[in-house]
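A single structure is presented below for examination.
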Amino acid sequence: MAILVNADSKVMIQGITGKQGTFHLKQMQAFGTQVVAGVAPGKGGGIHEGVPLYDTVYEACKNHQIDAAVLFIPAPFCKDAALEAIESGVKVIVVVTEHIPVHDEMIIVNRGKQKGATIIGPNTFGMASWKCKLGIMPNIAFSPGPVGVVARSGTLTYEIVGSLTNIGIGQTSVVGLGGDKCPGSSFVQMLKMFEADPDTKAVVLIGEIGGNAEEEASEYIKTMSKPVVAYLAGKSAPPGKRMGHAGAIIERGKGTYEGKVKALTAAGAKVATFPHEVRDLIKEHLK
Amino acid sequence: MKCFEYMGKEFFAKFGIPVPKGRMVLTPEDAEKVAVEIGKPCVIKSQVLSGKRGKAGGIKFADTPAEAKVAADAILGMTVQGHKVERILVEEKLKIEGELYVAITIDGAARAPVVITSAKGGMDIEEQAEEDIVKVNLDVFLGLQPFQAKELARRIGLKGNLAKGFADIVQKMYKMMVEKDAELVEINPLVISGDSVIAADSKLTIDDSALYRQKDIPYVDEEKTEMEKMAHEAGVGCFVELGGDIAIMANGAGITMATLDTVQLYGGAPANFMDAGGGTGVDGTAKAIEILLAQKPNVVFVNIFGGITRCDDVANALAQVIKKVGMPVPFVVRMVGTNQEEGLRVLKEVGIEAFRDMAPAAKKAVELAKGGAA
Amino acid sequence: MKCFEYMGKEFFAKFGIPVPKGRMVLTPEDAEKVAVEIGKPCVIKSQVLSGKRGKAGGIKFADTPAEAKVAADAILGMTVQGHKVERILVEEKLKIEGELYVAITIDGAARAPVVITSAKGGMDIEEQAEEDIVKVNLDVFLGLQPFQAKELARRIGLKGNLAKGFADIVQKMYKMMVEKDAELVEINPLVISGDSVIAADSKLTIDDSALYRQKDIPYVDEEKTEMEKMAHEAGVGCFVELGGDIAIMANGAGITMATLDTVQLYGGAPANFMDAGGGTGVDGTAKAIEILLAQKPNVVFVNIFGGITRCDDVANALAQVIKKVGMPVPFVVRMVGTNQEEGLRVLKEVGIEAFRDMAPAAKKAVELAKGGAA
Amino acid sequence: MAILVNADSKVMIQGITGKQGTFHLKQMQAFGTQVVAGVAPGKGGGIHEGVPLYDTVYEACKNHQIDAAVLFIPAPFCKDAALEAIESGVKVIVVVTEHIPVHDEMIIVNRGKQKGATIIGPNTFGMASWKCKLGIMPNIAFSPGPVGVVARSGTLTYEIVGSLTNIGIGQTSVVGLGGDKCPGSSFVQMLKMFEADPDTKAVVLIGEIGGNAEEEASEYIKTMSKPVVAYLAGKSAPPGKRMGHAGAIIERGKGTYEGKVKALTAAGAKVATFPHEVRDLIKEHLK
């Protein structure tokens, strides 16, 4: 199977009739995603690319079982749209939009947590399990198989997942946590699900410098039975933007490339030096 | 968006946080006038977005208005850590009996605001021992409650009126943080002067993503190099000059970092970090490529994994530039993803044979750069 | 504290909720002036705290300023459901194309604010069928989000600009509710007039416990009887006249209700409900007893289970009154709890043998009342 | 044993040095309550009636195990004091104060729920289990024994509990839910605990007209194995204050004396006509 969603999952798209929504609806349908409802205020009762439209999420949820929602909503309205999905009881919510104000983001992710919803994103390519893609990534990179992938950045994930697919190693699920300051989900949450998923045989973790998500993940990896291969971007990056002294005080000694490699290695994960090394290390583990 | 000290203090005053008497001015003459208004010894502070102004000579004291004018004249026009000083803040000089540190920012790991405070404020706050720093994560729905502010005051050893003043300030900082969409509200030092605490400095960073709903905050343009300005105008997500000889464009922060890392691991020196972002279209991408060339590198390396970014757009942008200015240095292109067939076809027409994999492409770019430099 | 219609509408206007053009006045002359300002047919509405003003004749229409003056003159000084009309609201008469109902109040069972709305507003909202009423409980930390307001609009069948106007109003009502410490913000009817929705009435109830922090809301004194005013001044928690011949004082709402219930079950008729509350001391309690006597009952029944209320305070209050005015009717006292020995001693001195149990005391009071009436 | 607290419970008093706080501290101590800490801003480090003082709840909780808190705090500051106890992890919090603004009350009780704290009150006499009284009720009314009592009103509870004590029937715990619009706890929560408490053999429910708390309780009483005796005040009460139409719409058909008696009787509870009948009905059940 996979984590969070699978071929049977029923999906709702919020903002389905916009340019982005329409384009990615078609891509998702081509991937096999069962898009059963779309939300487009003022267009309720209509049909868009074969999908029935509703004015509000409440209405869509009243008429359909909804296992997951994908939001193609402009940043200023994302808080409202995400809360609408959360309060309506949707349990997997993918927020693709970037540039959501961070104070809105905190409300979205903390409310999701309170209500038991898994928020993927904001500012993410989304996630895919076989036959169920929720997001904007190119379909061709993916194939079904035994590897779970969880990542902080997008195109780098396509790069690495594509290289796995190219040599015939498929994926159970690929999840993009998103590049914002307050992502809805963490490496640890996803690693736990991969650890519990019987079809996942090995996990790829794609991280980067900054923050302490990889250090946190390392603590959990110590307890995992499945092999983890990591790649971290930013080894050569110049010092990033700093936010006064406060950022430095929070991150004390965390967030560096070296620190993350050390933590992951100590936890038993293999850290690839080049992106393309990931597939070789995974191949080793799957032998 | 970082705000100047004087802007932060103007907001502090609006939210009821005590600040020294004073005003921002643009000329030595106005500095003298403000010093007269204050009628006490003053401090003249350069208004630039970098820290460590004191060490760089950007802060001077003046006992009289005449001295203030001289000090202002000296500071205006000087350069502090690469930033030209165009504005100065003239303020009353505080009687400093102690320096505290207090900031509210966002702790991404906790997905929550965090208050950070210390009894040992001042210049070297980052070097303070862990036990001298008090951190409290807030709940975004509950905000900062009075009891938390009082507990913070107690934990940095304040009593009586100082504790009350501190608790009041930190609550107002939180209110300001939320209402102004700030990522950081920092006071360092928060000065103890007699029976009160006063914000002697301000650091205020507004969330760029929320500027659209913070219309009353004047836009502060961070000092950029010419090249960075061009990149900004071309719609490039992020551009940083690094000084090497391989100009690099990729799409997405992660893959751009990985591209730089790979080039460096193969022994190459990236000229820049350029995350072209997604969906800038043909013209934006063409401009971005012209910026790469403007750096006069030995090689241009374009690494695209098309998602939102369409390969044909990038290919057409490359073709457009090449038709305009030729290929003054070798172009190495790696291209896969959305609309890749069309992209590869367009590239072939202008004589570029694109790579499918990143590693060999990076290797080739490094080889060409070395050859070009030899 | 209930606010007059015009007060609620003044707050509506401040929060951006559309209201009809108009103003509160105190005289027919001013009513005429306002009608001139409005320059259109007007409605003249009595400002009293009870509902059903229309049925009682407290609302009149006027096509001209002269008619407005006449109508105002008729309404001013009339009595609507026992309330004397001292203020009137003169407003433009709306073109009414539909009447909605919307209110936000607090659902005690849910411990949360609740929005209640209906497409069938107007006079008979309480009689509407359950399926015509939409109720949504809010989360106190999340408040009323825009999507909820839009969903409410949809569920009562609004579309386009009406839906937008409604969603906007309900969000502003919630903001007002929180900022003004309201227990109830109600608009009935919310009138559909052309492309917009307008608050044709207002009901606003401010939480009495929060009045201390709502200094900008003028105090509205609910019309009270003379006796109720006296009770209020004596610091009595709650006093309601009931018309029977057994004057009753107890401490605590529950035990007071239970005392009334018991008296009635034994065939007696309570003269009043009086919850003396706790900690009013000797003088306050003495005044409360005088109010009991002022009702000219056949028996006074005092039932005290001392907790915060001290038995000796109540006994001393009784003694004080008896010394002052004697015992014009029989006093039946039941007294146990805090400091009961001292209380019983004081009572004995003035000739009262107190009961220890409530039931026999209540029985005795009923017997005496019947005897006294016979 | 008892519910929520017992003879071993360690208690903190917030607002311990005020007139009310001091008086009831002594009464509680006389009852047997282990008051281990008091909070009084600015007086930290001192001792009051043998109890160590702290400036903040955080400090008190750092220095003592705190099982329960009692607040003697003026209404305008109760929200802050209650949140301080909740956020410090105190699990039983008694808020005696009346006239707390209802918007503050909603924040207190909902936050308590989120954090797993049982809030007793506001506007309550408190609660007592044998040797542990948290509140303001007269000590003499109580005695140890097999009856659980839960009530909405104060003096009426003293009346009924006193009448039980007078004939030798003691109580496991007596809980006052408080008389405010948004009480922190419900009949149902307390009934569940009494049902689970092995020492409680019968339960007394003291309700009144208005609201739907008794109706809610009736639903749960249906499932209980232990006998419940109820008394409801307000049979003869004149119609209470009404809040516009909204109150009437919320309460449709609920809240009347007759409705409540019907619901409780149908659920198998015995409803006493007079307060003093409660003891007789309980005596029947304990035979």
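We just call them A, B, C and D in the order they show up, numbering each chain from 1.
In the analysis below, a residue touches a chain if its C-beta (ideal position, glycine included) is under 8 Å from a C-beta of that chain, and two chains touch if they have at least 3 such contacts.
Treat the numbers as computed from the prediction; the structure is a model and nothing was measured.
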item	value
Starting at chain A, fewest touch steps before arriving at chain D	2
Centre-to-centre distance between chain B and chain A (centres being mean Cα positions), rounded to whole Å	27
Separation of chain A from chain C, taking each centre as the mean of its C-alpha atoms, in whole Å	54
Contacts with two or more other chains, residues of chain B listed in rising order	141-142
Touching two or more other chains - residues of chain D	111
Graph class of chain-chain contacts, one of line, ring, star, complete, other	other
Inter-chain touch pairs (all)	A-B, A-C, B-C, B-D, C-D
Chain C-facing residues of chain A, complex	41-42, 44, 55-59, 80-81, 83-84, 87, 111
Touching residues on chain C, where the partner in the complex is chain A	142, 145-148, 150-151, 154, 159-160
Of all residues in chain C, those that touch chain B in their complex	141-142
Residue ranges of chain D touching chain C (in the complex, touch as defined)	75-76, 99-104, 106-107, 109-111, 113, 125, 136-138, 140-141, 151-159, 162-163, 179, 181-183, 206, 208-209, 211-213, 216, 231, 233-238, 243-250, 252, 273-276
Of chain C, residues touching chain D in the complex	101, 103-109, 111-114, 116, 125-126, 130, 133, 135, 139-141, 178, 181, 183-184, 186, 188, 203, 205, 207-210, 212-213, 240, 242, 250-255, 257-258, 260-265, 270, 273, 305-308, 336-338, 357-359
